[in-house]
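The same subunit A turns up in both complexes below, where it pairs with subunit B and then with subunit C.
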Partner chain A sequence: MLNLVSVEKRFGELHALSEITISFGPNETVGLIGPNGSGKSTLVNVVTATYGPDAGQILFRGTDITSHEAHRISRLGIARTFQNLRLFQRMTVIGNVEAAQYGMPGNVFFRFRPDDRRNARNFRQKAEWALEQVGLQDVRNRLASSLPLPQLRRLEIARILARDPELVFLDEPAGGMTPTESEDMARLIADCVAPNRTCIVIEHKMDLIAHVCARVCVLNAGQLIADGDPEEVFVLPTVIEAYLGRAAAHA
Partner chain B sequence: MIDFIQTTLDGLSIGSAYALIALGFTLVFGVMRRINLSYGPSIMLGAFAGTWAFVTLEAQPWLVAVVTIAGTVAVGMYVERLCFWAIRKDAAIASMVSSFVIWMQLEEVATILLPGRTYPYPELFKFGGIDIGPYFLRMEHVTTLAVAMFMLVVLRLLLYRTRFGLALRAVSESSEAAVYMGISPVRITFWAFVFASFIGGVAGYLLLAADQQVTPYFGLWATFKGLIAMMLGGLGSIPGAIVGGLLLGVIEAHTQWYLGNAVKDLTAYLVLFLVLVLRPGGLLGQGIVERHAQAFRRI
Partner chain C sequence: MSEYAISIASNMGMIAFVALSAYVVLVVGEISFGQQAYFGIGAYVSGMATAMWGWPFGFALVLGSCVAAIAAFAVGALTLRLRGLYFAIATLCFAEMIRLGLNSIHVQVEIDGEPVGPDGAEGFGDIRWMFEHDVTTLEYMFIIYALLGAVLVVLLLVERSNLGAVIRMIGQDPLLARSQGIDVGTCKLLVIVFSGMIAGLGGCLYAHFATYIEPNVFNVMLGVHALAYGLIGGLGTALGPIIGVVLDIGFLEGVRAIQGYRMIAFGGLVAILLIIMPRGILDEVRIHHIKRWLRRQ
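On to the complex of A and B.
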């Protein structure tokens, strides 16, 4: 599904990503973890073309997307959420979801033909369905700026569902949430987002990772230091050292 | 009282043309957060193409209208490629300065195309106007008002009833977020420019058909009127552009009637100054000033 081959990204002297080679298969749910500054968000940003890699190759379904523009990558079926939310605050909740469907095939500028109008109805129904899945149907006509953080995070999930992408990056989907809200988010990801697509979750809350991910990749200082089953990865000395320091790893 | 109402009606009709020019500015500013200073000169060059067709080819008024609008759109596309597409998004000042440079270039092109200072422009209607009770409405003014209102409805439908409008609003709010929805800001910006130029071409035609003449100074005049109307109504606000344009037209008409032509522009500047002092974001555009202030506070 997604293959990164020797991907590198530097910011001046800082090696944000060093020789990252990793593959994500179809319908996998993978946790991408690591301490702050380890390169998790940089990896997502490089794949989704927020900025290009300095070296290496990125393949999606066998197609080289290394030098694609962000909107083209999005149209290929790769979607993402953001650690710092990027919603259209002055649009309604339903407007945000409809904007997310923009690049989908059949969603044309002007609906002159009967087929276009039928497609538009289907897109609208899909947007309504996505809001129901995340429990925001009752606030569909409110401005996004009026919603509290947990609902805004759910709105980002609704945008994903309405687009039905093949590959999803969730960047700290439970960021700023209480434990109860995080549990709800974990359930939502497991029940609605993860099925039938590749889902890569960046998160510091390990209980959420353990709940939804069958595989975990660990980054530290821009390098991939572990990749495998969560129960095995969480006890690796290199992983413990990355999070807690050398003394804890050998304790 | 009859004079007052008649003057207000005259002001509204010229103001509706100002509103169209301000709408063009607002559309581009809303999407790009950049000011296109050569918007007025683009309309002027389009009008010069129209009057060239009129003078040299003896074109019919409808063909002059088509040439004017098409010419404005073509020049608008040229300006977009040169001053906005080619310059990085965060270099707003560079875009504005280069649009000023292009302004000079467009005036030169107009002078080369038609070396004289003033050229005739065909009138819209041969008959004068209509009487409604004690009031007299010139047909050009009625047409300007009607076309302006029609364009507003079209713009409203475009923005809120089409996928293009949705994408345009998304880019206007956050082009960084819009790209991850599959929206190409470059493409949307280009079409916003085309549409703004179309509106400008229509406004230019209506104004010049009423005046029946065009000079190279029309570009300067249109840029000033459009910018003042936009700032009166509120930066980046579409309803603000309409209110600003109509208000500017009415203020000018009343000043001209009661105080004379000499102080017409001065009064418009004075009102703009007062509005900006009392309400810095313009009458309906407070939001954008507050958002920028918040952004600076965050920095």
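On to the complex of A and C.
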């Protein structure tokens, strides 16, 4: 599905990503973890062309997308959420979910033909459906800016569901949430987002990762230091060292 | 209707074009201090078309708007990667370049023994289409408002379309819009070209109403006013800048009691409104509440 081959990203002297080679298969749910500054969000930003890589190759379904622009990558079926929530704050909740579909292939700016009007109705129905999935149907006509954080995170998920992408990056989907809210989010990801698509979850909350991911990749200082089954990866000395320091790894 | 009232109403109508053009750029998330340049280009080109080449008024309007749109395309393409303050400065520099360029343009032809055409800083007089075709100021005012109405209808239709939603998406968060498959660059360019066309059309009307134009009419204060109208009236609907124009020209200039103090009152009004209503009277939130209220009725 997605293959990164020797991908590098530098910011001046800082090597944010060094020689990252990794593959994500169809319908996999993978946790991407690592300490702060390890390069997790940079990897998402590079794949989704927020900024391009300095070296390496990115292949999506066999197509080289290394030099594609962000909107073209999105249209291929790659969607993402953001670590720092990004929503259209001055739009309604349902407006945000409908808007998520406007950039999809085949959409038109004006609805002159009956087909286009049918498309617009489909957008509305899909948005209503997505909001029901995440439990936001009752606040659909409120402005996005009026919602509390857990609901905004759910709105991001609704946006993803409405687009129905093949590959999803969830960047800290439970960031800033209480343990109960995080559990709800884990269930939502496992039940609604993960089925039938490749889902890559970046998260610091290991409970959530353990709940939804069958595979975990660990980044540290821009390098991939572990890749495998969560239970095996969590006890690796290199991973413990990356999180807790050398002393803890040898304790 | 008195000549004074017609003059005020016509001015409101013509300035509304440049206010609308600044508004659409504001909605797409950029601040342009250069819309007066397109207004000026429209004025000069259409004036030359009727006064020098004897073109019909309708064709002159089309030509003036199109040349302004082409200029906007050039500016838009060159500034596509600029954002915020850099975009604002680039548009201001372009506008000043056009104004200073008009100061040195001397293209005149002899008509009935008189030189007609732009004469640098001396300006461009004898744009006499109204007199030659016996069009009264009242009739001309109706032409202005018919065209303004048409532009407003187009803008309101665009706002209801997917394109309108896409423009607002870009204005609110271009990175998010891009990550949802929106070609931000192309859409921005489209909006900038459209804004140039609207301002150019206003300029065409202005030249034929004023009959005399000079480069200094299209100075930066016109652009600042155009921006202020959108910021006063609100960025939630195309009717916002119209409210701004009515408040400034219709009220502050129209009411004789405060004449002479217009700019002081206008400056104060802008400052107060930007503090208490940063996105204007009819901003997106108020428009949302108005729509919900109307739906409930």
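The rule we apply is simple: the second predicted complex is superposed on the first by the 250 of 251 C-alpha atoms of A that agree within 3 Å, B and C clash if a C-alpha of one lies under 4 Å from a C-alpha of the other, contacts with A are read in each partner's own complex, and residues count from 1 in each chain.
Here is the rule we go by: a residue touches a chain if its C-beta (ideal position, glycine included) is under 8 Å from a C-beta of that chain, and two chains touch if they have at least 3 such contacts.
Computed from a predicted model, the values in this text were never measured in an experiment.
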Between subunit B and subunit C, positioned on subunit A by superposition, is the outcome a clash or a fit? clash
So, does A:99 touch the first partner subunit B, the second partner subunit C, both, or neither? both
Kindly classify A:130 by the partners it touches after superposition: subunit B alone (first), subunit C alone (second), both, or neither? neither
For A:48, decide between first (touching subunit B), second (touching subunit C), both and neither. both
Touching A:143, do we find subunit B (first), subunit C (second), both, or neither? second
Find the residues of subunit A that appear in the contact set with subunit B and again in the contact set with subunit C. 48, 69-71, 74-75, 79-80, 82, 86-91, 95, 98-100, 102-104, 107-111, 159
Would you tell me which residues of subunit C are touching subunit A in their complex? 161-163, 165-166, 168-169, 172-173, 175-184, 284-285, 288, 292
Any idea which subunit B residues touch subunit A in the complex? 162-164, 166-167, 169-170, 173-174, 176-185
Where on subunit A is subunit C touching in the complex? 48, 50, 69-71, 74-75, 79-80, 82, 86-92, 95, 98-100, 102-105, 107-111, 120, 141, 143, 159, 163
Footprint of subunit B on subunit A - complex, ascending: 48, 69-71, 74-75, 79-80, 82, 86-91, 95, 98-104, 107-111, 159
